[in-house]
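The two complexes that follow have chain A in common; it is paired with chain B in the first and with chain C in the second.
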Partner chain A sequence: MVILILKAYLLVFIGVMVFYFIRHFIFTLNRLFYEQRMCYQDIIDSDLKTISILIPMHNEEKVATNILDLLVESDYDKDKIEVIPINDFSEDRTREIIDDYGERYPFIKPLHRCKGERGKPAALNEALAGATGEIIIVFDADYLPPKGILKSIAVCFNDPEVGAAMGRVIPVNTRRNILTRLLDLERTGGYQVDQQARYNLKLMPQYGGTVGGFRRKEVIQLGGFNLRILAEDTELTYRLSINGWKVIYANRAECYEEVPETWSVRARQIQRWSRGHNEVMFAYFFPLLKSSHLSFREKFDGIFLLLVYVVPVILLTGLVDSLVLFFLGEMEIFSGIFFLVFIGAYNTFGNFAPFYQVGTACILDGAIHRILLLPFLIFNFLFNMWYISKGFFAAVIDTVTRRKAGWHKTERFRQAGSKGHVS
Partner chain B sequence: MMLILAFMLLCLLFFLPFAAGIRELKRKQDDAPLFINMDYCKNPRYFAVSFRNLLIKSINGRSEGLHALQLSKRETVQIANSAKHTDGAVLENVLYIINDLSSGEDVVFEKEVYVRGNAHIGAGNHLQALACDGDIHLLRGTRFFRWLDAEGGIQVDEECDLGVSATCAGKLDLAPRCSFIRLYGFPVSTCRGSIAGKEDCLAGTGDIAVFESESTERNISKLDPYSIKHCSIITNTTLTIGDHSIIGGHVKSHKKLIIGASVTILGNLFAEGDIEIGLQSRVLGTVFSQGCITLKQGAIIGTRDRIKSVIGKKGIFLDNGVRVYGYVATEGKGAAL
Partner chain C sequence: MSKAAKSVILYHRSYRKISGSAGLFFLQFLFIALPLSLIIALFYPEITLFVCRIAKAALSTCFPVDAVKIIAAPYVIGEISIIHLPSQFPSVLNSLINAIVCLILLVCLPKIEMAKPIVTFCMVVVFINFVSSLFFLFFAYRFPYELADYSVLYMKQQIGIWFFVPVIMGFAMLPLPSTLLSKSITMLITVFYSLLFGTVRYVVFLFILSKVSMLYMAILFFVFGPLVDFIYIVGIYSIHAMRLAEKIKGDFGFWKWSY
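Presenting the complex of A and B:
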């Protein structure tokens, strides 16, 4: 009986891999050979909406001045913007820095939080309550927004159906070590191919919680950010979508970010993402299926997206499963052509499907030599598989026991006083 | 021995996929972050602004004559007080004309031209790029390979090809059978014949803003003539709006959008399919389509003193008597009919 279950699970595992292979392959082909949908950055409009830019900050003295300086230089009409740096229980010089900017620039309105709940969702909710912009644009404190990015994001909301818009994130500290270079490859594939293809195919691009915006009033009406969920961005994507709003991706709204430079920081980050994303998966799986506002293909993609942090768990357990079957002498579950299907699904299509995306994305970006690093992604892949699995089980416990996860900010590596971006 | 060889072969095969990557890690040929232009701001007249700045900086008070100057590459620049070029002339240098420029028929300008006065370009001329501080008048059949820009207005006669971009601070007036990719003017106009004299009834009311309704109606496929809606409309089907209707909000269709005659829309128009805007209809906001956009006779987009856009991915077709206040762009074919 146990052997039968193990064999059945192996088939499920192969099935999942094949489904995700097909998905990744469709996205890749779409970006390479098919018509691309135009996004809204070409629109020039003198009547852009008022915007509030929220920047959650917890101990961000190393990076706070960089982002505020860049926002001061933005080409958006200063009468139509307010910048709200949110000092969330900082114990360093963050308070002094943002207060200094607040005194110098009337459109910078610091918000200090020293009581209530900590963390990004709580900070965003408090800032939302006082913000006046029609559109909210969120940046993490380590981001480096170019001069024109606010217009590129805000113009998306000329479309009356757009509830949230997401820009492209590009790592700035790629030169640091092999980890930053591999994370750069991951981001490139994730945005240049995955997000853009989902936008092209009218599926469900994801709002990523930073370098993106959403409608203030509508999100407040939908209840603001859920404090029980770590991945407030994914949660917002699904909440808007099932309520009839579209999330769109703007590939040309590009912004630099700092990626983790040590494996331990990366481990905590990916584990937190997995935990948060899977909390959303448990909360939104059935509401997504029941939504009357989404097309079949949006629901189909939405399910794939919801399960994206479950797949590494299936992979990990599938690997263990196959090893157990191997040592029990039961590995030959099929013979002939079916065995080839298994090998093909597992080795080529399952494990390496996202790598097609990454390679294609590098070609589209004209960054040819970094493709040579693709084989190294196997290490990142194994690393991610382990920590995503840990995050998944934490999310299971959160959901079953109604436990509330604490917020942990990602450590910054920038030297205080450095300009932060490529000049 | 065989075992050792087999083990070494195994190690080699394991190492092989990483060899090129290790080389890249050592040589660091491609380790820089992907480039983002941190100073980029969208400016429809960017080509001309950049060219003017570059040329003026390079000329730096030089007198008339030929000069070898560093622009984007080493170029010979001819500085002249004014210029009149005869039929069939071929001009090989970058031109900097301090006053007016006029050319005869079939003149070929092989390099960029900057005119500080007005430019009168003869029929059948071929130009790369033209920046002009005054007005530009293009006679029939003139062809641009790149762009033209005027601080004043641009008047374009029939059958001209305006290259990648035609922009100006004043009125950009197109005759029939002209082709374009991007246009920018106040307004971009195709008013010829008896229509040319007719004033836009809202021309003096530049303070009329796009109206955004709080409410939305969904999945309507047809609005009867003389309908009035005080809401935005979002629909998954093709939407047909009857003549003389008024929509007090935005309209979005996931298929085609067909707007009848004399319709007024106070918001933006978005469609995944083609958009057709009927005779004498008016849209106060931006018009955006993933397909083609056709503006029929007398259609007006936007209002004076405000910038709005008409963007059709696959094509834009402007009938006679159309006015667009601001920006027109397509990745496909743009044509004045």
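Presenting the complex of A and C:
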């Protein structure tokens, strides 16, 4: 009986992997050959909406001036924007830096937080309460927004159905080391093919919490950001979607970010993402299925997206399962299928996207030599599996015990005073 | 020519695409990838026999000639050939030493300053070997495999790999806009490399399990098995895709816009 259960689990595991394989293959074909759904960046609107740009900052002295300088240079009508850099319990020079900008530019309105809850969701909620823009656009402090990106995002909200819009994220420090190069591949596959194909297919593109915007009043009416959930971006995606709002993706709205340069920082980041994403999964699995605002295909894709950070756990347990079957002498019937397991596993979680999806994205991007790094994605295979699984179990404990997760900021690597040039 | 004086402005990467269709892909898959897989499916008895002959020739330099035998085992629609060699089971002392070394490594590895993916990989290898050592230490009599059983397991797995290599390469490569000939050649190279790699690995694994110890069977199966095959599959794909990306860079006629 035990052996039967172990074998059945292995088959379920293989089935899940094959599903993800097919899903990503459909995305790849769609992005390569079929009509690309453009976002609204070509609309010229003389009556731009008022926007509030929120930049949560916790000890961001290395990067704060870069983003503020770039927002000052933005081509958006300065009468219609307010920039709110949120000093969230910083202990470095962040306060002085943003106060200095506040004195020099009337549309920059620093917000200092020294009491109450820490963390991005709490900071955003407090800033939301005082913001006046119709649209909220959020950037993390390490981002380098180009001149026209505010218009590209804000114009999306001329469509009354749009609740949130997400732009494309591109690493600025790609050439730093092998990790940053691999993360660049991950982002390329994830945005150029995955997000765009999901937008093309009218599935569920994800609002990523930065380089994106949402409607202020409507989000406040929906309760603002949930302080108990680490992945406030994924949570907002699902909350808006199940309440009938569309989340859209603007591939042309490109913005540069700094990706982690050390594996330790990456491990903490991905563990935190997994924990937050899985908290959302536990909270929204059934509400998603029950929502009357979503089509079948949106729900189907929404489930796949919710389970993205569960699959590495299934993979890990699948490997343990295989190990047990091996010592019980029961692996033989799976010997051929076992390879299929690895196809799915590697394809899906070598890098959150299969190698062919990343390769296709690089070709579309016109990136050439970085494609040769694809075999190195093998580095991510066990690494991702382990740290995502740790995040998953933390989320299980959070959900069961109602424990509240603490927020940990991703370490920055840019030298203070550096412009953060694109490489 | 300065950047400001570009004679051709290419479509922006955000919404450009290429011409093609899913139907065309499936046709190519039907006529290129599937026949390659079918060849493996139809001729695996001959292929495994060929592999075994090479393996036998290689192993005969390390073992007495009559110790290395090619035997047949049933598999799906025919028989597969495998190499039969005597098994080298670990002694209790050997298992104990392995278990202790693995335990020490499991404690020490996380503290070593090394890239985390390498530490994680080493931890997995050590953990599997630790489990294997404990198994041989306490339940050696229940170990379910002789070397011949492993040989069968390996060969069946290898047939699976050879069968799926054209399928995976077909899915990955056939949508790409390179010529049919170059895609077919790349797929053939991958299949041949897979045959070669599978043979060399077979010889190495048999040597380790027969000369060193059966204790390492689990590591060989789980860590250096199919996972390693993906490195060359993805490697060959990446070379092809890189050359294609270089070729089409700046080719205005090649790209389509949005719809």
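Keep in mind that, in the parts below, the second predicted complex is superposed on the first by the 401 of 423 C-alpha atoms of A that agree within 3 Å, B and C clash if a C-alpha of one lies under 4 Å from a C-alpha of the other, contacts with A are read in each partner's own complex, and residues count from 1 in each chain.
One rule holds for everything that comes next: contacts are C-beta pairs under 8 Å (C-beta built on N, C-alpha and C of every residue); 3 or more make two chains touch, one makes a residue touch a chain.
Note that the coordinates shown come from a computational prediction; the quantities given were computed from them, not determined experimentally.
J.: Look at A:M331 in the shared chain and tell me whether it touches chain B only, chain C only, both, or neither; answer first, second, both or neither.
T.: second
J.: Determine, under the contact definition given at the top, whether A:C255 touches first (chain B), second (chain C), both, or neither.
T.: It touches chain B, and chain C stays clear.
J.: Touch test for A:I363: chain B only (first), chain C only (second), both, or neither?
T.: Once the two structures are laid over each other on A, A:I363 reaches chain C alone.
J.: Which holds for A:M38: it touches chain B only (first), chain C only (second), both, or neither?
T.: After superposition on chain A, A:M38 lies in contact with both partners, chain B and chain C.
J.: Using the superposition on chain A described above, determine whether A:L372 touches chain B (first), chain C (second), both, or neither.
T.: Both partners.
J.: Once the structures are superposed on A, label A:D75 by its partner contacts, choosing first (chain B), second (chain C), both or neither.
T.: Once the two structures are laid over each other on A, A:D75 reaches chain B alone.
J.: Who wins on chain A residues touched, chain B or chain C?
T.: Greater contact footprint in residues on chain A: C.
J.: First (chain B), second (chain C), both or neither: which does A:P106 touch?
T.: neither
J.: After the superposition on A, what does A:R181 contact: first (chain B), second (chain C), both or neither?
T.: In the superposed model, A:R181 contacts chain B only, not chain C.
J.: Which chain A residues contact chain B in one complex and chain C in the other?
T.: 38, 254, 365, 367-369, 372-375
J.: Spell out the residues on chain C that touch chain A in their complex, using ranges where they run on.
T.: That would be residues 12-22, 25, 115-118, 120-121, 124, 128, 131, 135, 143-145, 149, 152-153, 156-157, 159-161, 163-164, 168, 171-173, 175-176, 218, 221-222, 225-227, 229-232, 234-235, 237-239, 241-242, 244-246, 248-249, 258-259 of chain C.
J.: Help me check something: in the complex, which residues belonging to chain A touch chain C?
T.: 25, 28-29, 31-36, 38, 168, 192, 251-252, 254, 263-264, 266-267, 319, 322-323, 326-329, 331-332, 335-340, 342-343, 346, 350, 354-356, 359-360, 362-369, 371-375, 377-383, 386
J.: Report the residues of chain A in contact with chain B in the complex, numbered from low to high.
T.: Within the complex, chain A contacts chain B at residues 37-38, 40-47, 70, 75, 144, 146-148, 151-152, 158-161, 170-175, 178, 181, 184, 188, 202, 244, 254-256, 365, 367-370, 372-376, 421-422.
J.: Write out the stretch or stretches of chain B touching chain A in their complex.
T.: Of all residues in chain B, those touching chain A are 17-18, 20-21, 23-25, 28-42, 44, 184, 209-210, 212, 216, 218, 232, 234, 249-252, 267-268, 270, 272, 285-286, 288, 290, 306-309, 311, 313, 326-327, 329, 331.
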